[in-house]
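Same chain, two partners: subunit A is paired with subunit B first, then with subunit C.
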Partner chain A sequence: MDFGLLTQFAINGLMLGMMYALVAVGFTLFFGVLDVIVFSHGDVVMVGGFAGLTTFYWLDAIYPGLSHGLMLLWVALASMASMALLGIVMARTMILRLRSAPPLNTLLATMMLGTVLREAVRLFYPNGSNPKPFPALLPDWSLDMGHLSLRLDNLILFSLGALLIVSIHLLITRTRLGMAIRAVAQDAETARIMGVNFNAIVFLTFALGSAAAAFAGIMNGLYYNEINFGMGLLLGAIGFSAAVIGGLGNIYGAILGGFAFAFLQTLGAVALPFASAYKDVFAFGVVILIMAWRPTGFIAEKTSERV
Partner chain B sequence: MFKPMMIEDVYTAYGKADVLSGVTMEVWPGRITCLLGSNGSGKSTLIRSILGLTPPHSGSIVFDGLELAGLPPHGIVARGIACIPEGRRIFAKMTVEENLRMGAYLERSDAKVRANMERIYETFPRLRERRLQLAGTMSGGEQAMVSIGRGLMSSPRLLIIDEPSLGLSPALVNDNFRIIRQICESGTAVFLVEQNVRQTLAISHCGYVLAQGRVVASGTAEELRNDPEVRQAYFG
Partner chain C sequence: MPGSIQHNASVPGAVPNPGSAAKAGPLAGIVAAVAVTAYAAAFLLSESQGLILALLVGGAVAAGLAVRVGAHRAVARSLAAHGRLGDGLAVGMVLALMVIFHDDHYALFLVATILLYVVAVLGLNVQLGFTGLINFSCASFFGIGGYTAAMLGGHTGVPPLVILACGGVTAAVVGSILLLPVLRTSGHYSALVTMAFALLFKVFMEVNDAFGGPQGVDVAPMRLFGWDFSSDVEIGSYTGSFYLPYVLLALALAVGAFVLVRRIERSWIGLSLDAVRVDEVAGACFGIDIRRWKITAFTAGNFLAGVSGALYAMMLAYISPANFTFADSLIFLSILLLGGIGSSWGVVLATAVVVVVPEKFQVIQEYRFIIYSSLVLLMILFRPMGLLPRKVRAYRRQA
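Let's turn to the complex of A and B:
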């Protein structure tokens, strides 16, 4: 196969990997801090995309001449802020209330919440059951060399995603609040004895994870030029798988897992050119094998003893 | 000097069953007050009640003139109370230095945090050598130092120490007791929960004996040592 085409596959894989990593980081943060799997997380990605689209319509109506760069800034900020708020509301009204209930109840409740979000967009968003074109807010400049097309918009999207992930990582490893998040993840009760406000840390975690999901939703819209009400289902399954194969509860694992999943999809597409529609089947199949081979994920998190 | 902690007629329950039924005690600054009692007597529950982890359903706990019952744990810790929990409970995947920083989590002034850390490093030079090591990879004795150091990082006015000698060698237990005495001499109120009755009474000023959620004996360490019931229960 020709080098240009392979590079093209690699670039597409990196773009998808960044998107998946952004979703997986949320799964892993929620699990780390509260030991819960939040199945509605994929649908938060979708709602984030729609929140961004709505912001675009509003801004376009109020300030028609706004430059695309500023437009994107506001779209991203509004979507991330509103999803952060949604995350806090979810944590407060559902997840924390269900803490004393069996974990399965939380699992079920978040699955149902996902359906509610999905159906709400389908039924109440204007013409919500159809895919929505997402505005191209990034410059369409590209460098074409045979099969290879280096697109500036992809480079910008990837850099913004990387910036967000690095920021989250620095927040968790370098700041006082991040230290509190890690302390709660390791031993919530001892963290409380040290004076950590447990609820506040849970809210912060849900705000962070959901804001990252919102950005993934916008990235998805800009990358595929459209969003639809059902896109959260697959993204949620992929983000969850990525977090699990990386090692649930570990933020490096989530990033690694996201890129690993995108690599598998791309490999599936390259290796099965006659049936590239099966790339997801291939990728999820390999994920099952990875889980059988390494049940704790690439970076095992739960091996250390919990005193 | 501040006022003592007054625990008055505290009732705490898990579900519907009372684990503490009307506990009343005082813990004074500059003194080591010990709490003795067998497993299941309610010692841990009393500590959880003071810290707000399992709030009492009736009674009052007043510290420095302020009611603690009803405050969340972070509100209680902010009043100047710290705890060295049973089993050390260090943050295994954090460095020694991060563990110490967690001990002063509510202290906003970085200068104070650094000064306190310096003080801890002087008491435990070993921790300075290992300050960037993950605490979970250290030996049991070193982990105990981390836990004690962490408890002292906030310069607490009341320090609750839960079973400090559990699982430590006799030499380390002696070290611990020496440090506890130093903490107390610096004016801190120490509330010491221990199974090691003989050594505990040797360093305590006064104490209480808890059985089935009630105080069954109290007095100075001397009085407790000579109390026939305590003698029968602990010294055989």
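Let's turn to the complex of A and C:
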């Protein structure tokens, strides 16, 4: 296999990895502050994509001549803002209520919420059961070298995603707000005693994670040029896998896990002797193996069992 | 793991069952069974959507009224006093439905489906309800049973009854691949293992041509003592649907599984399984081998799912990967949660509701996933113990 093709696969893998990392960051943030897995997160990604698409339709109808750059800015802002709101509503109506429930009940409840979101889009979004073409809002300029084509839109998407993750990371590690989030993650009781507004921090975290999910949804739409109601389930499962194999509650773990999963998929599609259709079988199989080898992920959660 | 004491912690022998008066007569139980049978028959018979809606509302109102006047307690006492009565009445109910619908393919198909789902969910109940092992791939093991039936029935001369057992064994063996990661992980990490397996299974079946690919594969029908289950039953002048023998066989399976699971629950095995769920550390301190019971429960549950899946596939005569998706696993889990985690009778009730209502009430067919998931969501939020909660163990009758 020549170098150009190999680089091409590496680039595709990196794009996927960034998307997965964005989703996994949400899983890990929620797990950090509330010790819950919010499985509907993948479907929030999907709804974020649809929110972006709807914004595009509206803008296109109201200001037909708007430049693509501005359009994308508004689409991203509207989608992220609405998903942040959805995240807060979810946290308020469900997740906080389920804090004292067994973890399995929370997991199931959020899976059911994910199904509700998915089915709601399928049934109630106009023509929602069919895949929707996503408008190409980024310049389609590309540099072709043999088998390798460096696309500007991919570069922009990747940098924006990286920017988002880095800023979330900086927010968490460098600001007072971030310190409050970390305090709640470490010990909610003590954080409260220290004067941290627990509910506000939970809502903020859900807004943050869901906004990142919305961005992943738009990124997904721009990358594949289409979105569909069913994409959330697999994205959620992948994001969850990524967060878990990286180690729950750790933002580096989520990023590591996201890129690791994309690497596995790419490896399964190109480098291994079986048909590329088996790439997900391979990736999930390896995930199961990783769980057998490192039962709490690469970067283990720092817990000790209290008896 | 915080909050690992789940459900209404059925700690063995903690509280003796207060409602077990020995003097209640069998009448209340029999009346209730007849009423439920009549209701089920009416539901299966009615064609118009308005009538079905009326029956649904009527059933809900009647159940509400019964609870309000305390009739349910009389029934529970009556059944508790006559241990075998409830089991006998349930079997009688299915037999009565078989007589009423002897030539109605569709109704009998639904009854058989309920019975087979009951078997699979009972398996899940052993895993999740008793032992606390999260399994998000129940439908995959159901499917492994089905595919085993397809492969063995299509390519070999293995007798169909043996194929049923093979379906269970294959599911258990494939499940044992997951044992190592399931044993080593806990909580969310172990949820991921089975979830990954469910996704992997469906994709694998879709891309693998040997198992029919996405189009699916035909399954040879059941054959017993030279009697082909795919043709209508004719005894003298009496004609019955070819689903009749399937219902009978499914009933035998369901009764067997039910008795088995109840026996496990009442035995020391069940006690050990409960201990594993409620507190692993404390259980280990009392000399309970956590790993052994986890392996037992996981394997037994997958076996039950595999057996029922095999018969289900024979009854459908055709299966495809779309029958065994992650969403189907979620439906199995929802049934268990609706019925009440750990409660075997709850499983029966919830399966009947979840299978029949969307099939008959066609208006909601399209919306069934959203309705299920909203229902389960509300259930978890407001009644986490389910419709028929599991009872606390009572070893001694109160005088």
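The criterion applied here is as follows: the second predicted complex is superposed on the first by the 299 of 307 C-alpha atoms of A that agree within 3 Å, B and C clash if a C-alpha of one lies under 4 Å from a C-alpha of the other, contacts with A are read in each partner's own complex, and residues count from 1 in each chain.
Here, contacts are C-beta pairs under 8 Å (C-beta built on N, C-alpha and C of every residue); 3 or more make two chains touch, one makes a residue touch a chain.
As the structure is a computational prediction, the values presented were derived from the model and not from experiment.
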Ask   = Can A:I172 be said to touch subunit B (first), subunit C (second), both, or neither?
value = neither
Query = Regarding the shared-chain residue A:P103, is it in contact with subunit B (first), subunit C (second), both, or neither?
reply = second
Task = Please work out whether A:V23 is in contact with subunit B alone, subunit C alone, both, or neither, and reply first, second, both or neither.
result = neither
Ask   = Looking at the overlay, does A:A51 come into contact with subunit B only (first), subunit C only (second), both, or neither?
value = neither
Request  = Check whether A:T115 is in contact with subunit B, with subunit C, with both or with neither, and answer first, second, both or neither.
outcome  = second
Task = Decide which partner touches more residues of subunit A, taking subunit B and subunit C as the two options.
result = C
Key: Residues on subunit A lying within both footprints (that of subunit B and that of subunit C)   = 305, 307
Interface residues, subunit C side, partner subunit A - complex = 1-4, 6-7, 128, 134, 178, 180-181, 184-193, 195-197, 199-200, 203-204, 206-207, 281, 326-327, 330, 333-334, 337, 366-367, 369-370, 372-374, 376-377, 380-381, 384
Request  = Spell out the residues on subunit A that touch subunit C in their complex, using ranges where they run on.
outcome  = 31, 35, 37, 94, 97-98, 100-105, 107-109, 111-113, 115-116, 119-120, 123, 233-234, 237, 240-241, 244, 248, 275, 277-278, 280-281, 284-285, 287-289, 291-292, 295-297, 305, 307
Query = Which part of subunit A faces subunit B closely enough to touch in the complex?
reply = 176, 179-180, 182-183, 186-187, 189-198, 304-305, 307
Inquiry  = If we count contacts the way the header does, which residues on subunit B are in touch with subunit A in the complex?
reply    = 51, 53, 72-74, 77-78, 83, 85, 87-94, 98, 101-103, 105-106, 136, 150, 154
